[in-house]
Amino acid sequence: MTLFGLDLDYVACVVLFCVGLYMLVAKSNLIKKVLGLNVMETSVFAFIVTSGMIDGGQEPIVVAGSAPPYTSPIPHAMVLTGIVVAVSVTAVALALIAQIHAHYGTIEVDELKELP
Amino acid sequence: MDVVDPRPVLAPLLSFACAALVFAVGESVFWRRFWTFLAAGAKLLVVLSMLPGTLAGTVYVSHVVTFTPGVSIALRADAYGMFFALVSSTLWVLTTVYAIGYMRGDKDRVRFFGFFALCVSTTVGIAFAENLLTFFLFYETLTICTYPLVVHAETPQALRAGRIYLTYTLLGGGFALIGSVMTLDLAGTLTLSQHGVFAADTPTLALAAVFVALVLGFGVKAAIMPLHGWLPIAMVAPTPVSALLHAVAVVKVGAFGVTRVIYNVFGAEQLQTLGFAPPLALLAGFTILAGSVLAIRQDHLKRRLAYSTISQLSYILLGAALLTPLGALAAIMHVANQAFAKITMFFVVGAIAKETGKTHVSELAGIATRMPWSMAAFTVAALSFVGLPLFAGFTTKWYLALGALQADAWWFVVVMLASSFLNAAYWFPILHLAYFRAPEAPTDGANDARGGAGAGHPHRWETSKTLLVPIVICAAYVVLLGVTAEVPGMPTSVAVVAVERSFGLEAPLP
Amino acid sequence: MTTLGSTLLPWLVALPLVGAALVPIVARHDARRAGGLTFAVALATTALASILVAQLASQGPFSADLGGWTAPYGIELRFDRFAAWTMPLAALFAFVIPFSWRYLDGTLPRERWAPFYALLLLNLGGLLGFSVTGDLFNLFVTMEVVSLSSYALVAVAGRGVAAWAALKYLLLGAVSSLLVLFAVGLLFALTGSLNLADVSARLAAAEPSGAALLALASLAVAFLVKAAVFPLHVWLPDAHAIAPSPVSAVLSGLVVKVGIVGLLRVLQLAAGTGIALEPLNAVLMVLGATAIVMGAFLAIFQDDIKLMLAYSTISNIGYIVLGIGLASPFALIGAFVHVFNHALIKVTLFLAAGAIIHQTGYRTLSDLHGVARRMPQTAAAMAIGAVSIVGLPPTAGFVCKWYIALGAFEADQGGYGFALVFGALFIFVYYVRMLDAFFFRAPVRPEVAAAVEAPWSMRAPVLVLAAACLVLGVLGGIPIGFVEPAVVDLLAALGR
Amino acid sequence: MSAVFDAVMLLLLIATAVTVARARDLVAAVVTFGLYSLVLCLVWQHRGAPDVAITEAAVGAGVTSVLFLLTIAKTARSERR
Amino acid sequence: MKTFALVLVLVVAATMVIGIAGLPPHGDPDGPIHTHVGARYLERGVAETGVRNLVTAVLLVYRGFDTFLEVVVIFTALVAVLALPSATRRPPPARGESTAAPRRGSDDAVPVSPVVFFVVRLLAPFIAVFALASLYRGHVTPGGGFQSAAIIGAMMIALGLVFGREHAARLVPHGAKAWLQALGPLAFAIIAFVGWRLTGAFLGFPADEAAHALREAMVVVLEVAIAVGGAVILAQLFMALDAPS
């Protein structure tokens, strides 16, 4: 799908990336920030998976009954690793947020900045 | 001819090692003195052992490590470096004796003597630096090592002085670094063993930038006006520090650097064509006069000495900037002449403060009866500065005048005459007070600055021997340098070799 | 072709990572064992690294094909001179870890010692992997190992304050990691390959496209964030100041260098692509010079010694970035040498500061008056570090400043030379205050007046490192000679 | 057909993402995020990446959401304005 | 902040769109992705690795080192969370906070409806079997180590949610926990070593047909280690985050 010469699948990824980025920058709530980070991450994954597509292709599993063309397996492997990395980062971020809340009683950046 | 020899490295290295040992032995007085003297003595011996070779025209070189191709840390004992090293090594021995007497009972003596030894080691390193990088290396090390000495008293005043001192010298160091870097970029070498490193077709603007950067960089330590602000303030340091460092090592290093820049980085010939030297000479002439005028107004003794130093240092710069053989000779000889005379004065002032607690000119009435030997030494030094024949200062002025005439700059002769009068104007009142006025009745107000430091011995004759002996020896040197100017084998002959070989000028004396 | 070097290379990365996995197992019953095992692993890694460096010196760069798949079909680890020059960084861990042994007493409850040491080893393994990998995606994953362990190390000892600093670090760090992943995706879509050399060659073969430019730009931005270059530095000061001192040493000395090594990779990728690097270089020069001055300027206002050290890291990263931006041979040499020299100096300073804070309980200058009277050796090490970080001779810091300044004039950018030399002096204003307070003032706090020198396991690393700062200053030619061929190669690849 | 499916899915993705951004109630945001992940799964399954789709369903929609919910339970349920 | 965010987002969006316009169109069989490295994997992958799911082949055989580091990353996440101080001090509720979600865990467990209780207990074995199947068939069908890890982990989490943390914690013996959480990195190290001895390459898999069984065994060991290690780590992460305040 293209529009004005732009690949809409890719543009969708850009839109998602920017929604995530907006959440990360503009939202004051730390959990919202981390959610935004996750949205950004998935948008990049979507971009990578999309780049590995092939027209009329199927999953890269070579068994009886499957035939080329196959989608490229490398982007999938990359994204699989990326997902694990993302969940690891999220887990650490959330643990830190819990710490912050236990100490300051708030997870709003606006209020954290005012505290000593 | 150049000969590879370990001695140029050995001289600073020996004293570095001893300095480290001074720190290591801690509070043990005997061992501290032992290592300090060993360092001073060993260094003097090493330097002296090279003297015959230097007079015969041999240059000892040793490479330490190569930085990159073309730039290495290397030491090279040419005649000019030898001259400077001889002066500083000799004075170190004397100052060490004096300092032991002066600092008796003071606090933090480990730190004091340790850094003191470090400073003098670096001074020799500077004297022997084969290239600008090595020079800069030791130059900045000297800055760092003097800082603990300046703030030794740890009073707010001393700390402030230390900060001002660092600000001036580190900014200067920055300019020196930039200048060195530009030199390497333009010339491809940093060596100080040639008489000019730049190719004839180097752009003049770039050369001007290099000249300004290097002269600014080294001129700060040479206290050329308007970069002199740190020197009077740094006088809060203990007197041996003021004496050795702020009359000899640190400031001379600056002047030494400027002469190296003039004769070894640019070379007399090229500088003549470029025309950078006259502005420097003018600045030096201005500093000579302005320093003296300011000195007259100082009542604090050490500050008066400081302004006198500022004025006297510019003799060296002026002599070097004339670009004539006799001017250069005067510049080199003044390194020694000013050093011995000024250190004598500092020693005396220190002894007076230590014995009587007097630190201001106006308090000195009748001091000559209390301390006749010291004041006699002081008189010798003062006469030398005024430039009476038979004293060291005279030879400088004589050759400087001749050098100025060689350069057709007759008005510098006028500057020098004026300076002599000004010198008389601020030294003679002290002598007058000391010899011809009766001592005031002691009042409590008399002992201000160093309070009770030496007030414990009101009836002792003169002062302790460790203070007096260096004073007398230095004064004797001042006379010796004055009367033996034409005798072969004496410092003058080294200076003559230096003018010829280190500066690449024709022989100044037949 | 397998040589000793290419056989051992993967284990260089695997050893600390596996060591990290073993730490919690070994420390199940006795937490103190964690420190011992970690030290042993760090030593073994250092030994392995020295074998590899020796191999490099005798037979030139080599690479290891993991799994036996030749590049670009598998992951390739490359050991060239740049990678080798990051090996001494690993050796610094061998100093940080013994320092931590006693430092953790009273800082961290015992049950968290094992995770702490494991994180240190993970950090080390990630750093090593990052610098030797020749594969783009592997670059991303190793970077994540480093980043994730760093975030946690910041928060490890403190409570909310530390967690907040760590989270700020995490959010910015995660975005920059994501940019790297995005760029890897772009490059893969453009070339179909993940091998660095292969991608670079294929980019060069194809005509330059906006996508390649976007990829390189996002890599550059990502690594500038990781390196905390001035306007992107906001995460650094708090994180580095609040972390426990051994961690601060690792973060400030080593982890920010991830960004620098990454920038180098960007240059290698761009080599030969026909993409003009001048805009990037111009940006790097401006950012570097700004960072030098602003880092120094901001440091002046700090009373907390660790915060001040953190700001000086920003300033020093500015040197390196400026050197890379100048892109002249001398400047690059200076920049790369400073990658290690700054690490050495900064580890010295942070460990010394850590020892002082640990022994006295105070961390601001006004409280620490006169500490040198009670802890002369540590304070002397601190003084050497301070002189070195300002770049005064004869210390390690001077060597780099000299070369970068020389490179500035070589590239006809003398103005940056001035910024470098005087920006550095700026920060000395602060250090003089520190030295005054430590050495020349009377103690105001009873704890300081009664302090004693740190135990030997803390003091020895500090003293050895301080001595190394001096030795590397005098023998500055050795690292220069080591890095020079690599810079020549890089410049040849960049067509200069 | 495929193009229509793609278009609908992409619009749905953007819609859920914006909802996540706008939701004040954090639990709602997280649940919407889980939904977003599931839509993404479908897209990926459709694009020949079943491995990724399964992992995203298990980790992105499952584990991540649970971790978020746990944290929300510990801290605050709604965004404060 | 909002204005800044908007401007930033617009700038980023514009830059990205311009850059992305330079990419080759996706789905093109002649695009670089499908003609270079990927093409070789598709052609020779099954023969070279013996794994029919080429994603698994890439993950474990061609790019096993990445997966090793991936396992290390999640291990890092666990160690990171364990290294943090547990959030114990709970400050008084801040102003205006309406509701805090109810707390779970056996000490103050919310009453669970008997239906949920029953369903979870009933489903648990099936989930486990599903996970194992996914794992076992991973090299033929979609699925594999990490997916199973997530599923087993999710099962443990569900059990924990329903029965309370003590019960969930008992699922993993305390002494074995240290070993199990490190299973991934350790298994990779062992397989890497074995591969190194057999083929001379770190993480190498024997290529000849004779060693087919061995190769398969190595892949399965890695898959199991990833699954079990990952599940234990995920469960521990859950418990760490759910620790009572």
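Going by the order they are written in, the chains are A, B, C, D and E; count residues from 1 in each one.
Going forward, a contact is a pair of C-beta atoms (placed from the backbone, for glycine too) under 8 Å apart; a residue touches a chain by one contact, two chains touch by 3 or more.
All of these numbers come straight from a predicted model, not from anything done at the bench.
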| item | value |
| --- | --- |
| Chain closest to the assembly centre - both centres taken as Cα means | C |
| Most distant chain from subunit C, judged by the mean position of its C-alpha atoms | B |
| B-C against A-D, pair bridged by the larger set of C-beta contacts | A-D |
| Furthest chain, CA centroid comparison against subunit E | B |
| Centre distance in Å when subunit A and subunit E are each reduced to the mean of their C-alpha atoms | 16 |
| Rounded Å distance, subunit C centre to subunit D centre (Cα mean) | 37 |
| Distance between the centres, which are taken as Cα means, of subunit D and subunit B, whole angstrom | 78 |
| Distance from the mean Cα position of subunit C to that of subunit A, given in whole angstrom | 28 |
| Residues of subunit A engaged with two or more neighbouring chains | 9, 15, 17, 21-22, 28, 34, 50-54, 57, 59-61, 70, 74-76, 80-81, 84-85, 87-89, 91-92, 94, 96-99, 101-104, 106 |
| Shared interface positions of subunit B, touching two or more other chains | none |
| Contacts with 2+ other chains: residues of subunit E | 16, 20-21, 23, 26, 33-34, 37-38, 41, 53, 55, 63, 66, 70, 73, 76-77, 80-81, 84-85, 87, 94, 142, 146, 237, 241, 245 |
| Inter-chain touch pairs (all) | A-C, A-D, A-E, B-C, C-E, D-E |
| Footprint of subunit D on subunit A - complex, ascending | 1, 8-9, 12, 15-16, 19-20, 22-23, 27-29, 31-32, 34-36, 38-39, 42, 45-46, 49-50, 52-54, 57-61, 70-71, 75-76, 79-80, 83-84, 86-87, 90-91, 94, 97-98, 101-102, 106-108, 111 |
| Touch list for subunit E against partner subunit C, complex | 15-16, 18-24, 26, 31-38, 40-41, 61-66, 68-70, 72-73, 75-77, 79-85, 175, 178-179, 181-182, 184-186, 188-189, 192, 195-196, 199-205, 207 |
| Interfacial residue positions of subunit A with respect to subunit E in the complex | 2, 5-7, 9-11, 14-15, 17-18, 21-22, 25-26, 28, 50-55, 57, 59-63, 68-70, 72-77, 80-81, 84-85, 87-89, 91-92, 94-96, 98-99, 101-106 |
| Subunit E residues within the subunit D interface of the complex | 53, 55-56, 87, 94, 96-104, 134, 142-144, 146-147, 150-151, 153-154, 157, 234, 237-238, 241-242, 245 |
| Subunit C residues touching subunit B - in the complex, by the definition given at the top | 387, 392-394, 398-399, 401-402, 405-406, 408-410, 414, 417-418, 421-422, 425, 428-429, 432, 435-436, 439-441, 474-477, 480-481, 484 |
